[in-house]
């Protein structure tokens, strides 16, 4: 999930998610980013309304609070 | 200019020294705290932190004298009845320890209610007598039942934002309703050159855990949506494909060794529905 | 949520989450990290079992399935 | 449930469900059909929209399992 | 579903489900039974314990079954 | 279920599902495809709205997937 | 979902799922397989008990969710 967290971080920071930026963030976190996966995620995300997905995810029962 | 009293100079020097040698310094409000509670709190925190109750002007002087970078940033929190807390734990930890000392306390009158104070309908422990008029004076509906004063109807005795009058405070205490939360209320803290406001300190582990769960759910939703194959979402994708295949096989009437159960189940359900 | 995404990125990358690392990751993503929040978050994270929280979150079904 | 399965079979075969047909099918399956039960089932099926019931059955949970 | 209803009818009637019996029942109901499907169902049923499925039917919901 | 997964694969790939294509895909996956089954599945699929069926199947929430 | 269908096809065919086989099946179905996604899926599947997931998917409460 590193790649996805990185993408979410960029999104939350108001940045556009491109391969270069995502790679830099991942590298900074100590992840050796794989070019192909970077590409796969970035191109898939371009086709998605991220805000919409996040909104629906939040609506899902995340409740399961830790004891 | 008059020379400051010797005790003041010594106190300021002493506190400045304590601040200098401590990891964390916090300015806390002691408003509404009774002496007994204060002593209890001090006792429960003994060995962990030092609490100094002193005048604001002296706190500011101590902050000025302390050998800590940017500690003057704490001055903004020095106003009203405050104390200086020093210790060698992290600022967030100190905050949580101090929050943990907060207790419910009876009102004395004159305080402002920070929530609606409700008196429930219930039997009290008081026999008929002068208490009745005290209850009635503050507007409670009472009656005598089985030799006890009974409050007939639930009532909001003090609305949020209103002042708790001494009469109401007295009644509340009689009914063992403690509307105040008192303790050392952290206004701001300092650690390692950083000034922590109450807002950043109030990030609790519970809230962080909830945020972590939310972040994970979002990441998972995004990965699912992007069909980004990570172990966290692959089981769900597999399950989805399986359900799709089952549904398609059922719809197509494509019965095989591996899905005959689906058809049997469907027939049973239908028979049950028809039999109902 | 930037701080939390950053923390989870570090966690997923197998890194220990400390203030310095988190700050670097956030900075790389273009977030001006606030020292106090960094510290508060890191100290809160120390008190929770991230793995446990993630496991519970994973058990909850996510609404948004791919179309 | 023999009677019901027989009725479902006829329905799926595009046949109208009447006592005679149902009896024949049951007999063929080795069931000695009881006239009263045949009548009861056939007349109650006339009053319901079988298609509708079957459609709902797919969604509804199974109430009680036949022993 | 005709084949399945026929098979369950035989089962409910206490009969063993073989191709011949199933074919007869289906024919009686007006269904022109296809040998390949008869074979497929009968051999599939040999591999499952129908009683078990019936018992579990109450608990186990069917996957989004189309009507 | 090989046949069904094969059909789903072709459908997702935007291909029309015919016996020849399905057979090739199955063969590539190491399945000795049976002509009768191929025929049965392909002809049944022609009569249903696959998209519709998949949409309804997807609407069903997938619970607790093991991590 | 092509990749997932392909993987399940191989699984149902009793094959081990590796990148090469999956790629061949996808290609046969007319999908231009992306190496990164192949790799990601195959490596994810290695961490999963597919049988278990499939079993749970069937058992998962579909539709009839309690309010």
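Each chain carries a letter (A, B, C, D, E, F and G) given by its place in the written order, and its residues are counted from 1.
Going forward, contacts are C-beta pairs under 8 Å (C-beta built on N, C-alpha and C of every residue); 3 or more make two chains touch, one makes a residue touch a chain.
Bear in mind the structure is a predicted one, so any value in this text is a computation, not a measurement.
**Student:** Which chain is most remote from subunit F in terms of Cα centres?
**Tutor:** Chain B.
**Student:** Starting from the Cα centroid of subunit A, hunt down the chain whose centroid lies farthest away.
**Tutor:** Relative to subunit A, the chain with the farthest C-alpha centre is D.
**Student:** Between subunit A and subunit C, tell me the centre distance in angstrom, where each centre is the average of that chain's C-alpha atoms.
**Tutor:** Result: the chain centres lie 12 Å from each other.
**Student:** Between subunit B and subunit F, tell me the centre distance in angstrom, where each centre is the average of that chain's C-alpha atoms.
**Tutor:** Between these chains, centre-to-centre, one finds 55 Å.
**Student:** Starting from the mean Cα coordinates of subunit C and subunit E, work out the distance between those two points in Å.
**Tutor:** 54
**Student:** In subunit E, which residues are in touch with two or more of the other chains?
**Tutor:** 1, 5, 8, 37, 40, 54, 57, 60-66
**Student:** Quick check: what residues of subunit B touch more than one other chain, meaning two or more?
**Tutor:** Residues 209, 213-221, 225-228, 230-232, 235-237, 239-247, 251, 253, 256, 258, 262, 266-272.
**Student:** Spell out the part of subunit G that touches subunit A in their complex, as residue ranges.
**Tutor:** 34-37, 39-40
**Student:** Touching subunit B in the complex: which residues of subunit G?
**Tutor:** Those in contact with subunit B are residues 1, 3-5, 7-8, 12, 37, 40-41, 44-45, 47-48, 50, 53-54, 56-58, 60, 62.
**Student:** For the complex, which residues does subunit B have touching subunit G?
**Tutor:** Listed in rising order, the residues of subunit B that touch subunit G are 227-231, 234-235, 237-246, 258, 262.
**Student:** Could you pull out which subunit B residues touch subunit D in their complex?
**Tutor:** My answer: residues 266-276.
**Student:** Applying the document's contact rule, which stretches of subunit B touch subunit C when the two form their complex?
**Tutor:** My answer: residues 90-93, 191-197, 200-201, 203-205, 207-209, 211-221, 224-227, 232, 236-237, 240.
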